[in-house]
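For clarity, chains are labelled A, B, C and D in written order, and residue numbers in each chain start from 1.
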């Protein structure tokens, strides 16, 4: 670092409190101009909060923010944008029903005679797209775009505003390896143009590959900085969690010969009679087997799970459970006869946020004990059993009457896993079972899945985390545009190969080639 | 991959988009033309000239205006993500404000009064929903209840014990009359369209009747309402402000992160919404010359229906408001003509039946045919419907059309969701 | 402690709302030169003689009765996120058909009454069922369809009343259906006052009160204690989570609307069976809309709705003595309106406060000393 | 609450300070005092009577859904008002319930017959609206140049149909074969027809465009729309209940009000109160205000029907003399 040029961004002693939590405490961050600076830390460590402070989305309770050596006081993202700082959020912030152009210019629109000047805007977006190789079509509707393109729209948004410092909050979480490589190519491009990038991730190998320097955050405070060239992933991990990282790898095979779930030629029509979202899918899950389904999000995995659960009607094909054809059965009947479900979006499909934990305990299991046996709900038994799950599965909450919304995501997920396991399903549909969960909870959940498998449970596992898929699965299918396009051996496949199948190119491109 | 997808791939999709838009507009015109031909046929067959008379259509336009304004008001709020079921209450406030200002300072003041009072209702809704995060439907219902109480209270305070025609249920008459316009030569003076209409020629006279109805004695607010449709389209879809407003209804968190002042825009939108609903009330005051309690008679809700009917778009909601206005105008003009509508329904249902059968939907097709037969039998046997039945013609028509078209509707994605900064 | 704080949270919102509403109304009155304390005095004054006082109590209860039923009908829909704005049309159709059927048959007492009640509930349910069917098969928003159906019910009832169902002679100033015979009526409950040692006023307390109490309890049990109620509330809290849990969302819409409509069908019966014995052109309308306000006030719980209905009726009653005391009676409407708005705002604030408190509590919750033993063998991340 | 005895009937009690003075109670139909119509007319009658005889008037308005009519009557009777008058037929049930509870109080009800009700402390104040409307029909027919007139009813209820029946009969009597358009704004039971001027306007506009040149309205406040339509079309209109030429308060609309079919609720009430104070009310019977008693008739302000007063008088004589029987239903 050259001491004479001021730092692009410097945060000094930042503290940010939310009611009941201190999200950031006395954080220090120094980012030099023109570097890619990574911030790593566990879930909930306070990375997003810190970046939101830098982006003017909220004000720090204590501490100073310096940009190019001058202290600044941002009152809104507008001020940050004016100072050349732009942020790509962890969750995409795009209006699906708008075009790329509209999403990009929103908030700083070029106008002519009071009208939105689409021509100028389109020209500028194409310029940006060309000079950073983003490959964007200004007139495309965002809802038609894939994840990678959406991310590039987000980057274009920031560049369009003339940002010289880019904040990318966990940009790789939703990308397959090839897309990650493309993104890193884009980042290299940005760096070449003299831009500064702040990059948040927990994937340590990635971080080491792309970053020029690293700051590690734990429990809301800075634990140190590291040089990616000299620090190992292991060292980083220990800095992050103060312990070593778990792995999803399974032990010896427990697959038995008895098929539990058999899917034959299942086809699910798209909305409004469009192209089928699941097409002619055939697979078998045996007792004690974990069948993994890999695929870039939006390729029909969610719809397949919905169809297995009876939430979507197939137009062709059959689903049988333990030899019995259940294709025409209702969701309730399927669940009663032994299908468990860990949803990919717990807030949407797994929980009643405004209801107490004990009601969440019986959700999906309304018709059997401990919820009661028939028409009435046995509140006492439900509460007691909720207490048991809270103890057995380490759900941290005061009591079964706590509202679910009060729990952190990890604790909510553990409650869901505990509830589904407690019903001893014959087959468990697990969609992204560890998404958004911190390392500790992740380990617990992996362990629970392994134990259940050992006891003979059949598991369908959908995940975006390729390590998790490879580590847990006995059989691994790849889903692309609604079809199962490949079956690979999880013992030998690498994430890169898997990524190649997922994007349709069978041979992985060499890393960082973009 | 990223480098290969460059500008030339984008060009066709852009053009394609534009082509699709054009085809959409053409489809609408084609639909209107087909409908007009159908109605002409039905008019000739049934001999019910009221179906396309200028008298019916001028009534339709008049009855459309308040609904159109309310629906436009709803559009602003809902495009900004705030469901506004309080339109009726805001309209009520608007009628009172118009009556109060109108009797003292004339029609121009009445417009201002109606806008202001309606805007106050909107402001209240904005405070409740945007600042306090109250469920939008609930706040709207509360505003409807409150508005009815407030106007009664105001009248009781201001209008009691006077002898200028005012009382607790009504204001004095307006101090001046608003102007109205007719298109010269076509509809006034030589009245060419009028003469054409009198000839009762197939299609030509029908077209003349419709045009003449739309160009004769058009009130100033009706004119404003009609002009507001393209103006609203331009504002919401062609300006930066409009983009920001709509972004609040699609993804407020995204808008917020780009420095769009979401709360402020929602406030502005809901206040405009209230003001337009209030303006809808002013139309009613202009017709009556006074404010009168109960004058709105549920039109705020109808406006809301027109908005949904129109898929949250200015052109669509105009169609919804016109459909309602037409059915209402026809019902008020000629009760026997309403029976002729049954013939029209029968014809349309037969068309639907053929279309459904062509798409191999036998059940739907047969069902349509059965209903078509029922409508035909109704047409042939019924002379004149009783008042009770006729009175809900517009509502029934709206309901029927909605149940045919509802599944294609798409509301703004974040419409009705309470947005709190930092929570999502 | 936790019980105390839970009750505190429950009562906080309504208390806050009442205070806010009274303060706002007081300010408005003050601004217009009306003495709010005099208004308050008149409002709580039930008259001089015991008989007058009991009469006023009866008046309040009789008014509260249909409001309670209307609030209940609306609340059932609200509980699963359905906005049944069509209660208005449902009880109108139910009342006119029940009145006609009731007048057309002669049955032994209790059977006759039961038949009328059953007919009213079935008709209300069917009318609401139209909304449900349109929603689940055609995707028509229930708000819009029920607004349309309200007007349609008004016109249809008018047609029936003046046409096939007319029971009053030509030329009578009020058009009515035929009268329900003695056996189909429900007597008053004034015997209760004798038992309680209160004055027995000339005004009869509606016997339908008993039916309403039973319905209220049944609805409460159904919502809070049964699996059906759980499914219903789950759908209200999160339709997607409910479907994933096995609730048939479409079926739920239909069942809930039928239930809501069945309760709505009862709204017109206190008057019909206790006083008018006929449906006529002077039928009390608007209760469906008031029901929305009452449901909101009562936070969608049967007990809350009962309280809200009594409060509403109490305020309504005050409009008469206020006029007699030369005070503007429209303050009643203002108070009612502001209370609803204030309750709604206060509910939201209270909800957020208690949610925050719960979050704080759960963050401080001790971690259960469980399965840390399960920690897998340490291994380095593959890179 | 009972320790504050002054509150409930406070003002009424204090204003009747003379003791034993006349204290008239009026319970209005929905809308209440200030409706510039029916209710105001009732108030005018009561005040005129009190002016003459001394005493006070206490008047109460029902709530929005008019569910508290019984409470209104009870309050008035409890406060010691006597007589107590219910304005509008809708009070029929309420009076039947309350009157027996207060046998010492004299009640009256406007527009509803008590002849067969068996209530001996209630008087029904009825109006032969059909007779007044008959003359309105005669006037319209005689003044019509297009031989085409119209009628706009507010709500299609028996009461308003009586207006229609008389009007049509009168028009036919004066000019057989004349075309009379008849339309109602809302069906029975839907009272919005009395307060929707926009629809009144639309209906009347249609009639004028269809060739009618005179339209009679019995549509309450919706009549405002009828007058506006008349002014725009250059036609004439006939008002109802009170002399609307005098009460309209707008010169442009005044110009189109040819006459009004009067229904002298004020006279009937004033007469009733006077009779009561003189002890001349028996109860249990109806008093019908008709052409003969001048309880109904045509207004002449504006002088627009002066030229046909002779013909009108002839018809009036025939009705009074019983030669013409005016129908009550269409």
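Annotations
Convention: a contact is a pair of C-beta atoms (placed from the backbone, for glycine too) under 8 Å apart; a residue touches a chain by one contact, two chains touch by 3 or more.
Since the structure is predicted, the reported quantities are computational estimates derived from the model, not experimental observations.
For the interfaces B-C and A-B, the C-beta contact count is higher for B-C.
The distance from the centre of subunit B to the centre of subunit C, with each centre set as the mean of the Cα atoms, comes to 31 Å. Subunit A and subunit C have Cα centroids separated by 44 Å.
The mean-CA centres of subunit B and subunit D are about 37 angstrom from one another, to the nearest whole unit. Residues of subunit B in contact with at least two other chains: 148, 298, 386-388, 391.
For subunit D, residues that reach two or more other chains under the stated contact definition are 61, 64, 156, 187-188, 190. Shared contact sites, meaning residues of subunit A that touch two or more other chains, are absent. Pairwise, the chains that make contact are A-B, A-C, B-C, B-D, C-D. Across the interface of their complex, subunit B is touched by residues 28, 32, 83, 134, 138-141, 143-145, 147-149, 151-152, 154-163, 289, 292-293, 296, 328-334, 336-338, 340-341, 344-345, 347-349, 352 of subunit C. Put simply, subunit B touches subunit A in their complex at residues 1-7, 9-10, 13-14, 17, 234, 238-240, 242-244, 246-247, 250-251, 253-260, 410, 412-413, 422, 424. Of all the residues in subunit C, the ones that touch subunit A in their complex are 2, 225-231, 233-234, 237-238, 240-248, 355-356, 358-368, 370-372, 374-376, 378-383.
Those residues of subunit A lying in contact with subunit C across their complex are 19-21, 204-205, 208, 233-234, 237, 244-247, 249, 309, 311, 330-336, 341, 343, 348-355, 359, 362-367, 371-372, 374-377, 379, 390-399, 401-403, 405-407, 411, 443-444, 446-447, 467. Residue ranges of subunit D in contact with subunit B, taken from their complex: 31-36, 40, 61, 64, 156, 183-184, 186-188, 190, 192, 195-203, 205-206, 209-210, 221, 224-225, 227-228, 232, 247-250, 252-253.
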